[in-house]
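The two complexes that follow have subunit A in common; it is paired with subunit B in the first and with subunit C in the second.
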Partner chain A sequence: MRKDAGGAGASVAQGRFTDIAFKTVNLLLCGLVALLLLGALVSIVTRTTPQALWDSIRSDEIQFAIRLSLLTSVSSTLLCLIVGVPAAYALTHYKFRGRGILNIIFELPLALPPVVAGMALLILFGTTGFGKALSDAGLQFVFTKQGIILAQFFVTIPFMYRIMKTTFQSINPRYEHVARTLGCSDLEVFRRVTLPMARNGLIAGSVIAWCRALGEFGAAMMVAGATRMKTETLPVALYLNMTSGDLVLAVSAATMLIVIAFVALLVFEKVAGSARIF
Partner chain B sequence: MKRRAGLLFVAFVCLLAACVCLSACGSEAEVAQTTTSATATAGFGEDAASIMVYAGAGMKKPMEEIGLAFEEQHGVVVEYNFTGSGAQLSQIELTHQGDVFMPGSAMYLDTAEEKGLVEYRQNVAYHIPVITVPQGNPANITCLDDLAKPDIKLVWGDPEVAAIGKTGIGIVKKAGIYEAVWKNVVATFPTMNEVMLQISLGQADAAINWWDTVKFDDTIEVIEIPREQNDIKLIPVGLLKFSEHPQTSRGFMDFCVSEQGKAIFEKHGFVTYPDPDYEG
Partner chain C sequence: MIRIENVYKSLGEFNLEDVCLDVDDGEYLVILGPTGAGKTILLETLAGIHLPDKGHIYLGERNITRLPPRVRNIGMVYQDYILFPHLTVEKNIRFGLRYRRLSEEKAETRIAELTEMLGIRHLLHRFPGTLSGGEKQRTAIARALITEPEVLLLDEPLSALDHETRNRLKEELRRLHRLTQTTMIHVTHNFDEVFVLGNRLAVMNEGRIVQVGEPGEVFRKPNSRFAADFLGVSNIYQGILNPGKGLSAFHVDGLVILTTSQASGKVQACVRPEDILVSLMPIESDAQNAFKGTIVDVSNTGPVVNIQVNVGSIPFIAAVTRRSFYDMDLRVGGEVYVTFKTVDVHVF
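Right after this comes the complex of A and B.
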């Protein structure tokens, strides 16, 4: 008996020891990764003097890029919400043939290199009858700001769709069923039960889609061009100025992207810390 | 069901591990092979297994072929970095690494030389600007002045990033039609590759681009710019000062301008230096 108790004590002590080792390794790796990420970001910001950085952030080119980036990314995120939420709802609530294929199609752009997406959009909206009809109707996408929004939408819709799909799937259908037995129509159930319960998913989806849209470069450049002061978003400004050797302007564009992303994720953590992304 | 999924997963992991092992063995064997052949020929009195070359994106095809031929003859692997010339200049300045720099226009090598980064240089070929139009020439462009006609849609290389963008602006300025031409530019792009693609897809009526990049493209038609209006550039190659294998790198540069190297450039549509038609 006594021996057994002693054995148990030893194994508990051993267990504690492995617990501490486990914790140390986890914390150490966590710290290392944080150091790498932070180090890389800080080295960008400290590459120039604060005065030069401030001046170039206030330059016309960077101010234009900030405004255009915010305008296009907010527009494409709203579009994503308008389209992505009903699509995810349809694919989780209705049973129909081809649902599996549709699911894959929605998530396909996730695995496509953005340049491929850009080229596909350029061909569809540029030279086909569909594209010609749209441009005759006054909806011009090639080489315009609308083209940036289109490319961002294309690249970010899978994120919105995926997040909303898992969110809807995690809602217990019983709530919706009960609401229906209490006399709600499908639309009322959606508005009064499903949507409020999907709040965190909506926030998570919007923030992720928005961050992705903000950083979108490859697809947008193919469709809209990288024309200075016309279709020059922050990532484009960063790329153009880095390639032309104008490091201060490049750094200020990068800094603005980091600041915007940081603020967005901070808000995200505060508002929807528990929302599931995948 | 669960067991089957588990089995599948194990099989997948095994496959992955096998792939990694195979590729690792393969590359080891390759390295061993090249080092033995390097010591066997060692034509440059250096123990170099490889050299690193910065080459403009437009020189990718001929340079890759030249690299293979050089490796075959001298047992030295040529590793390339193909991006825009301006970006490469920044990389060279920031890292002080690499052996040879071959930008799309002599201007970049001049800048590198001014900054004391280059020791030895050679001229390889000419970069000749031409007017490119989509197949069938929908806007009926026949000469430089046509680019200034109203309602023409042009795409252009970014004037500060792409060598062709800056060169093109110089050409239309010399012709006195810059204002009208610039009004027709609907979009600009960082490299001549994107400009070429837009013309190839018929998204714009015309663009100025390097002749060699579009020579063998069936979807693009070319209108030559007369010599007196044109601004022909030289493609140079320079030895970087901090090269760890200067003799081998010099050997590589000389190989680029040798008869064999020139033949490869000509095969890919370049006019090699010197040429009486483009001299002066």
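Right after this comes the complex of A and C.
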């Protein structure tokens, strides 16, 4: 009897020990990773003096890259909204043949390496009859700013699509049913009920798509090339200056990207936090 | 008047199978059925959210089978309220007004009337997330009624509420029905709601309407094994019925029960426990079914005591009031008489 009780006591103590060990390992790893992430970022920002950083950020080249990056990423994000929202709506609201396949196609670029996506776009828009026809009509994509937007769009559309799909799926269809019985047409249901209720998804989708577009490098470079002061977005500026050994310029491009990422993350967290209002 | 003619709808898990149902103008119809009976699909099909695979639906003279919901003029209230979370109570209620040609003045009066009637006038500026269940359901009802629908569909409107709120809202629904004279179809699995609210009761099972009638009538005379079981009728017998002049003899394992039914052959019949009289001595009455039996079980369920009396091997459950149970001093093993009228033997 006493022996049994002693055995139980030992196993309780042992259990407590493994609990503490488990907790310690988890916390330790968590701290290490955080330190690594933060250290890497801080090392970029502190690579040069603040004065040199500030001067190079104000240089023509970086200013050009900031403007081009903002222009292309905002354009491609808007395109993503215009295409991704209706696509997600169609795939969640209509029943039709080939829905499953369409869903896979929409999400495919998610798994595809961006360089491959860029190459595919380059071939489609550069060498085929389709690309030639567009080019004759005045829409040039190869080695142009439009090419950057196209590449960003291609790489970010699956994010927008996925987020909007889950958002629409999370809305109880009865909201739409009730709106219909109250007199709404499908378009009015979408405008007055579905879209307002999907507000947080729209913001989250836009922020994520925009961040991905801003950092897009591989696909954009395949389609638009990396030409100084022509198709030079922030990631391209980083790459070009890194290879030419101009570290200060490269660091300032990286710093801008880090700053933008932080701002975007803040906005995203704020939205995600307010998502519980509904 | 609504007429549903042979409507079929298959939605995978839930189905409607050959549903036929007429609902008169101004009527309050309660549809009772177990979970999964297809009650909600029936309402949604009436509202136009699902199109029937087969069959027709008429609203008055209009064939509305293929019409979209927005032109049907049928209102819908769900169990989980479904108030638009991004709109205030007032904007929720006003939601459908945009599609009705109505002057702002008239709209104001109607909102005032409705919110007054439902006691939610002080909530107009609030958002749905801050309301209690009862307030939400009142808002949902106001939102549906503002458009003056010809028919109001209520899908388990009281099920998600606490006991007290449910009773209060039940009374309010009754009053609302009296005041507005709107045709209402109310789906539930709760028996209490049937007698307070329903002019008529429809029993639904496995996608079919199995019985329709005045509530008392349906409870007294279930017409199927399912209805009898579901409505809580316990004395169900299987046997052979020999129709006779005026009365028929129903043979159950050697026992002959007389009934007014004129059916014949192999049938089932039931007698409601509250229609069976228990006595210590034979009773002089015009009830022609009287048998002597032995008490084998007594179950005390509150206001009434259920007594099982075996006549030979055939069990009869009788409901006895608490008072007479003690007066007669009934115990297991005691001998008693069970007596019931021929009209209370319901054959199906």
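Details
Everything that follows uses one rule, which is that the second predicted complex is superposed on the first by the 240 of 278 C-alpha atoms of A that agree within 3 Å, B and C clash if a C-alpha of one lies under 4 Å from a C-alpha of the other, contacts with A are read in each partner's own complex, and residues count from 1 in each chain.
By definition in this document, a residue touches a chain if its C-beta (ideal position, glycine included) is under 8 Å from a C-beta of that chain, and two chains touch if they have at least 3 such contacts.
Keep in mind that this is a model prediction, so the values were computed, not measured.
After alignment on the shared subunit A, the placement of subunit B and subunit C results in a side-by-side fit free of clashes.
Between subunit B and subunit C, B touches the greater number of residues of subunit A. With both structures placed on the common chain, the touch criterion links A:P196 to subunit C but leaves subunit B unconnected. Of the two partner chains, neither subunit B nor subunit C is touched by A:A34. Shared-chain residue A:R174: touches subunit C; no touch with subunit B. Once the two complexes are overlaid on the shared chain, A:C184 sits against subunit C while remaining clear of subunit B.
In the superposition on chain A, contact is made by A:G225 with subunit B only, not with subunit C.
Once you line the two complexes up on chain A, you'll see the smallest CA to CA distance from subunit B to subunit C is 16 Å. Common to the subunit B and subunit C contact sets on subunit A is no residue at all. In the complex of the two chains, the subunit A residues touching subunit C come out as 172, 174-175, 177-185, 192-193, 196-197, 199, 277-278.
Taken in their complex, subunit B has these residues touching subunit A: 84, 86-87, 89-90, 155, 158, 160-161, 185-190, 194, 197, 201-203. Subunit A contributes residues 119, 122-123, 126-127, 142-143, 221-222, 224-228, 230-231, 239-240, 242-247 to its touches with subunit B in the complex. On the subunit C side of its complex with subunit A, the touching residues are 44, 47-49, 68-70, 72, 74-76, 78, 80, 82, 84-86, 95-96, 98-100, 129, 143-144, 147.
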